[in-house]
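Below you'll find the structures, each written out as structure tokens.
The following pair of complexes shares a single chain, chain A, combined with chain B in the former and chain C in the latter.
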Partner chain A sequence: MTTRLISDLGGLPAGSIDRSEHEPTMTERRIDAMMILLRAKPRSFWVSDENRRTIESLEPTTYAESAYYERWVLAMKSLLLEKGILTEAELDEKVSEVRSRKQLAKI
Partner chain B sequence: MTNLFNIGDLVRVGDALPPGHIRTPMFLRGCNGTIIKHFGSFPNPERLAYGLNGLPKINLYQVLFKMDEAWDGKGDYADGDTITADIYETWLEAI
Partner chain C sequence: MNSHTTDHEHGHDHTVFQKDITEPKEDWEFLEIAIRELLIEKNVLSAREIQDEIEAWEKKNPEKGAEIIARSWVDDDFKNRLLSDGNKAVAELGFTVESLKLVALENTDELHHMVVCTLCSCYPRTLLGVPPLWYKSREYRSRAVREPRAVLREFGTTIPDSVEIRVVDSTADCRYLVIPRRPANTEKMSEAELVKLITRDSMIGTAEALDQHGQRS
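Entry: the complex of A and B
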């Protein structure tokens, strides 16, 4: 049985809308830049529709608990793996490298 | 490509529940509306979403709905309020 997409909220009870604004944080700017670079020529790894499909396909609790740009990061990771641009092993390796760098910085 | 509908035509939105990346919002499925604009034809986003080329292109329209039609009287809106949505031709049928 097909149900509505996780992003298709029209008409569902949702409480009041948070209309507060904030300047994009540096992390948000970086995520935005990375997404643009991956999608733009000459890479053209995917189009916005694929990005939307991937975000809609996130595990529902993850989707609900993630901020807007966190969903972008998860979508980027998923699409990079799906398209074979990165492998799980490469990602794991980079993550541990960054973690150990942070660990060193604390000493 | 030739457009199936013209401005002023009455249409009904499909009430299908297909899987996949769908752009037609659930709250408008099965609703009757009026074509108010033809934007042109575009690659099909429901296919682009899966890395396909989205061809053949399909027509995209702006469709006007009465809020009563969309929300069935349940909601916070005034008499005569309307809402528009951009809907692809594959989701529309003539009434």
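Entry: the complex of A and C
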């Protein structure tokens, strides 16, 4: 028996299909927009196969538990690092800055 | 970021942006903000471009796909060109499906096609807009290839047992567009009227086109 890739869902047992829709949140829209812009001309930083490769190489638990656009933003992060557009250090610093700024705003 | 600070003089309803007021809670929401701010600071992207792209989302819908199908219903030569080379045929109507192979599949009285992307969520976005959430769900992706008739029944679509069902699996490089069967008694309808009968789901193959009255048959 070969091991399935985490993304290889075809034919597996699964429950009924939830056909409800929700309006995409602004976070989801922005992720989608950035993904399109970074991939499209004139930037062409990566092709869709690379995008898929990064999604498929997420940790199996992350893949299974994360929301659709959560996978996208994680893939976008690894591609931006891989292509040298952003560095891990600056991104880490920015994330903690954003986090403390947002938490401060709540007080 | 507050979308309401920009000058919105175009008068459409932006209530959906209200959701943005919700503060980010999850790690990935903070990550999105961090990536965006850095890309803007480093002049990789501009805030304007991101906003324009977001607004373009709202204009994405299955209308283009429906125009292509309606043309194929009224023009057999066009339908044949669409079936032999999807990209070339849709270009005649001014649509481009960039760097992807577009394959049109015709539903008949003997054969029904249904599209899935078992590995991710590949979808002909340029023609059909943003995919519905169920198309991206684990359940649809898993079951469509194993028990398509059961899935179709859940969608309220009953295909007689005598009709073969063929499920096609999209890839990153190849997208499918189903040509649903033209409903009966529509011979006198104009192309523009026919467009209204062609739903998103009928082009994914999880439904048939609406009947001549615009109702689900």
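Rule of thumb we're sticking to: the second predicted complex is superposed on the first by the 104 of 107 C-alpha atoms of A that agree within 3 Å, B and C clash if a C-alpha of one lies under 4 Å from a C-alpha of the other, contacts with A are read in each partner's own complex, and residues count from 1 in each chain.
Methods note: a contact is a pair of C-beta atoms (placed from the backbone, for glycine too) under 8 Å apart; a residue touches a chain by one contact, two chains touch by 3 or more.
A quick note: this is a predicted structure, and the numbers were derived from the prediction, not measured.
Counting the residues of chain A touched by each of chain B and chain C gives the higher count for C.
By the touch criterion defined above, A:19 lies against chain C but remains apart from chain B after alignment on the C-alpha atoms of chain A. Once the two complexes are laid over each other on the shared chain, residue contacts for A:4 go to chain B alone; chain C is not touched. Using the contact criterion defined above for the overlaid structures, shared-chain residue A:52 touches chain B and also reaches chain C. Common to the chain B and chain C contact sets on chain A are residues 5, 8, 10-11, 49, 52, 56. The touching residues of chain C, counted against chain A in their complex, run 1, 3, 16-17, 19-20, 22-24, 26, 28-39, 42, 44-45, 49-50, 53-54, 57, 116, 118-121, 130, 132-134, 136-146, 151, 154-155, 169, 172-173.
Those residues of chain A that touch chain C in the complex are listed here as 5, 7-27, 29-34, 36-38, 43, 48-49, 52, 55-56, 66-70, 73-74, 76-77, 80, 85-86, 90-91, 94-95, 97-99, 102, 105-106. For chain B in complex with chain A, the touching residues are 17-22, 25-28, 45, 48-51, 54, 71, 75. Residues of chain A that touch chain B in their complex: 1-5, 8, 10-11, 46-47, 49-50, 52-53, 56, 83.
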